[in-house]
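What follows is a pair of complexes built around chain A, which joins chain B in one and chain C in the other.
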Partner chain A sequence: MPYKNGSAIISGIVLGCLIGIFVPMASYGHWTLPPLAPPAEYGNILINRTSERNGVKPVTFSHWIHRQEATCRVCHFELEFNMKVNTTEITEKMNKAGLYCGAASCHDGKAAFGHEKPHCEKCHNGNISYGKEKFAEVAARLPRSNYGNKIDWAKARNKRLIIPLHFLTVKPSKDVKFTSKLKLDAEWPNIPPAVFPHKSHIQWLDCNNCHPDIFNIKKKTTKHFEMERMLKGEFCGVCHLNVAFPLQDCGSCHPGMQSE
Partner chain B sequence: MKKSIVVFCLLLVFAGTVWAQTGLKKKRPLPHDYGKVVINNYSERAGLAPVVFDHWIHRSKFTCRLCHVDLAFAMKAGATGIKAEDNMKGFYCGTCHNGKMVLDTKVVFEACSKTAPEDKKRCERCHSIGKNVKKEYDFYTYTEKFPKERFGNGINWEKAEEDGIIKLTDYLEGVSIKRTGMVVQKDFSLETKVHGMQNVIFSHRKHTVWNGCEVCHPEIFVGVKKGNTKYSMPEIFEGKFCGVCHTNVAFPLTDCQRCHTKTVQQ
Partner chain C sequence: MKRSLRLLLLLIPVWFCTTALPAFFPLSDSMISSAAAQEWKTEFDDVCRKTTDAMALSKDELKLLLARCDKLRTVMGTLDETEKKVYLKRLKLCQELFAFVLESKEKQ
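Presenting the complex of A and B:
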């Protein structure tokens, strides 16, 4: 899927020659955005670290099911799930001991189904589109968006159509005040700057989800996260390629730009 | 002139790569791996596997101070430069691991010895990387009854001691010096530089229980006077100052609000 944007096309025709002199053509290169999964499969992952080796089908994990129940913070901060598939050393033993999926108030057999028969195949089914029918029901009652799951999760949360848990044991403080919107200049002269609101991210995340691993906390050192690196799954791309609204949705970060 | 411009440009590029970051999330260690140190100063050269040192088992018996002050262990893996000879003479590991010391009715196994045991099994209790050694204590069985918390080893060590589940030795006859207690300073707050971030409450009382004075002063924090040592959060993340302990053994920096607790009046 080639990358283009409305304003680039218009200004490209009018100012093409002028800008062409100063800006190398390479900077207009068309990126290839990764193909998007169908809405019901966006954010679904197959976990197969040891499953098939142990004679069971890989685990299907749906972000869209879980993010209705808990924010990103709960699993990726408190429960220490890593950010890349198959890197978290989840085992049945660990889960049963109350770590990872098996944490208290999650799949502990009380709040959600536990780790015994007949529940095995609810996860170990190897089917990336597992729960498709349920997805249609969920999507029908939540506000729509144009990309990813085609669900506006932020709006759904703000309107309290979903009330995800925000902590299990490590309560976040309400006093952290990062309300300012950061403005980030784009690499190309004709692309409007991106804005970053801390506020809407804190609603789902803990500071540590992003800092200091993905974004360090040194001031003025954020100049290295070009779109190209995000497309490789770095920086914003850690989440915004596969779970949070995808990079196709240009306008959500670069207001003033049309989305693809 | 031209040369200096080239040098300047090269420096800029270099600075750029130094400042560049990976943009990826690091993998979290498993509870039993947190605080694991691999030591390989001389091991492989001597035909042995590198040593694996687990903090969790040792900290369930001894204070940090005992090893890092009285026994002179450095704070960085490999920086102590422990030799088999040193252990045999009763320094470092050999202070306790001498085949004589009795701990919880068990004799502490001897570290290195001149006559290598024939089956090498004893060597492999420490020289264990890649050896698939079954350790005497299994982390999860051993810590089953310990109070739990998130991050690091997943154990609330402070509470474990308060509850009497662990009793830590802080004094070794013939090694430690008898000290008289000092009056501990009251908890104080450290101001953050970032607007909107809560201040840090630092408790000397909590830290001195396991560290005494010497683990931190004067090397890590030079001053006994507040404000003498200037440091920043990026430096702490790099493993300096608080990060000497709180990136790898003490509870990790994951949970910002464990230290940043005091709301600034605005």
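Presenting the complex of A and C:
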């Protein structure tokens, strides 16, 4: 009997070690991350809600071009572009009325080209890599990173190498003082926790870009706050799948973890 | 006598500005609607710019902001369809943030 007990303990220890070794190993390769677009195309989208139905080519929109001019807050809060492509009912009439792309200080014909005839093809060209010839020049003068556009946009902004507008009309009342850093435990054992710094996100976004629609943790708990869901475009995946640095860059959120 | 004359002289410009001027140069409908539009927009901007401060606001301040959002929603309901579509969505974002922060503060 004592012998049997001893064997069970040893088996338990061996099993524990195997789990301890293989689970984290498996977790690294567990996720099927979406393939990355070339740096000059990362974050580019084709907007085709009604374009082709109306006989024009889809609109190409490049985040890397626009991010140099305005923060995410300007478009995704002030100008009310949804985070998901083709869900915002942008029309030529609205643009010409000064809404969406046509807002004052944007494509109003003064700050940037307007909606008159010679400019149509600059947006309605259906070409996801439109403007890539300008990319090398932009990338050369900004700090490098290993993923996405291979540009460290946060560092570029902090060093004032780019000075994007943070508001058009709705000026934030004062600098956001809420700068807490959250530690988020990983769902897999031995994977270091993720760190979420409010400060670097607030430099680009408004609080209501994320709360309560994307993150309503106090209400819904963290039960479903999982990588699987992020890969489906929920939570951090709303931005960090296609636009902000991609999920392949594990170490940027999970310090202590090697990136893919 | 001198005193009442002085008072009369003072009242003439007041009467001129409040009664005579509007009678001769009535405000056009577009001027009135533009003033009204300016009013809701000022209130809208003032409410929405507070989202970045939401965590620093007290529960009472948040409740007051929520009430202002409700009031704005009614006023903005009369805007033309295009404006209504965009601005009401943004107001909803602001209001939901205030409600979310208030709820978290009440749970603390």
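By definition in this document, the second predicted complex is superposed on the first by the 226 of 260 C-alpha atoms of A that agree within 3 Å, B and C clash if a C-alpha of one lies under 4 Å from a C-alpha of the other, contacts with A are read in each partner's own complex, and residues count from 1 in each chain.
Please note the rule applied: a residue touches a chain if its C-beta (ideal position, glycine included) is under 8 Å from a C-beta of that chain, and two chains touch if they have at least 3 such contacts.
Here the structure is a predicted model, which means the values were calculated and not measured.
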- Message: Quick one: is A:Ile202 in contact with chain B, with chain C, with both, or with neither? Answer first, second, both or neither.
- Response: second
- Message: For A:Phe135 in the superposed arrangement: first (chain B), second (chain C), both or neither?
- Response: neither
- Is A:Phe225 touching the first partner chain B, the second partner chain C, both, or neither of them? first
- More residues of chain A in touch with chain C or with chain B? B
- Message: If we overlay the two complexes on their shared chain A, which of chain B and chain C does A:Ser173 touch? Say first, second, both or neither.
- Response: both
- Message: If we overlay the two complexes on their shared chain A, which of chain B and chain C does A:Glu234 touch? Say first, second, both or neither.
- Response: first
- Query: Which partner does A:Ile214 reach: the first (chain B), the second (chain C), both, or neither?
  - Reply: first
- Query: Can A:Met83 be said to touch chain B (first), chain C (second), both, or neither?
  - Reply: first
- Both chain B and chain C touch chain A at residues 77-78, 80, 89, 97, 99, 169-170, 172-173, 175-178, 206-209, 212-213, 216, 218
- Query: Quick one: in the complex, what on chain B touches chain A?
  - Reply: 16, 19-28, 30-31, 140, 149-151, 154, 194-198, 233-234, 237, 253-257, 261, 263, 266
- Within the complex, which stretch of chain A touches chain B? 77-78, 80, 82-84, 87-89, 97, 99, 169-170, 172-173, 175-179, 206-209, 212-218, 221, 224-225, 229, 233-235, 237-238
- Item | Residue numbers on chain C that touch chain A, as the complex places them | 45, 48-56, 82-83, 85-86, 89-90, 93-94, 96-97, 99-101, 103-104, 107
- Message: Applying the document's contact rule, which stretches of chain A touch chain C when the two form their complex?
- Response: 77-78, 80, 89, 93-94, 97, 99-100, 169-178, 202, 206-209, 211-213, 216, 218-219
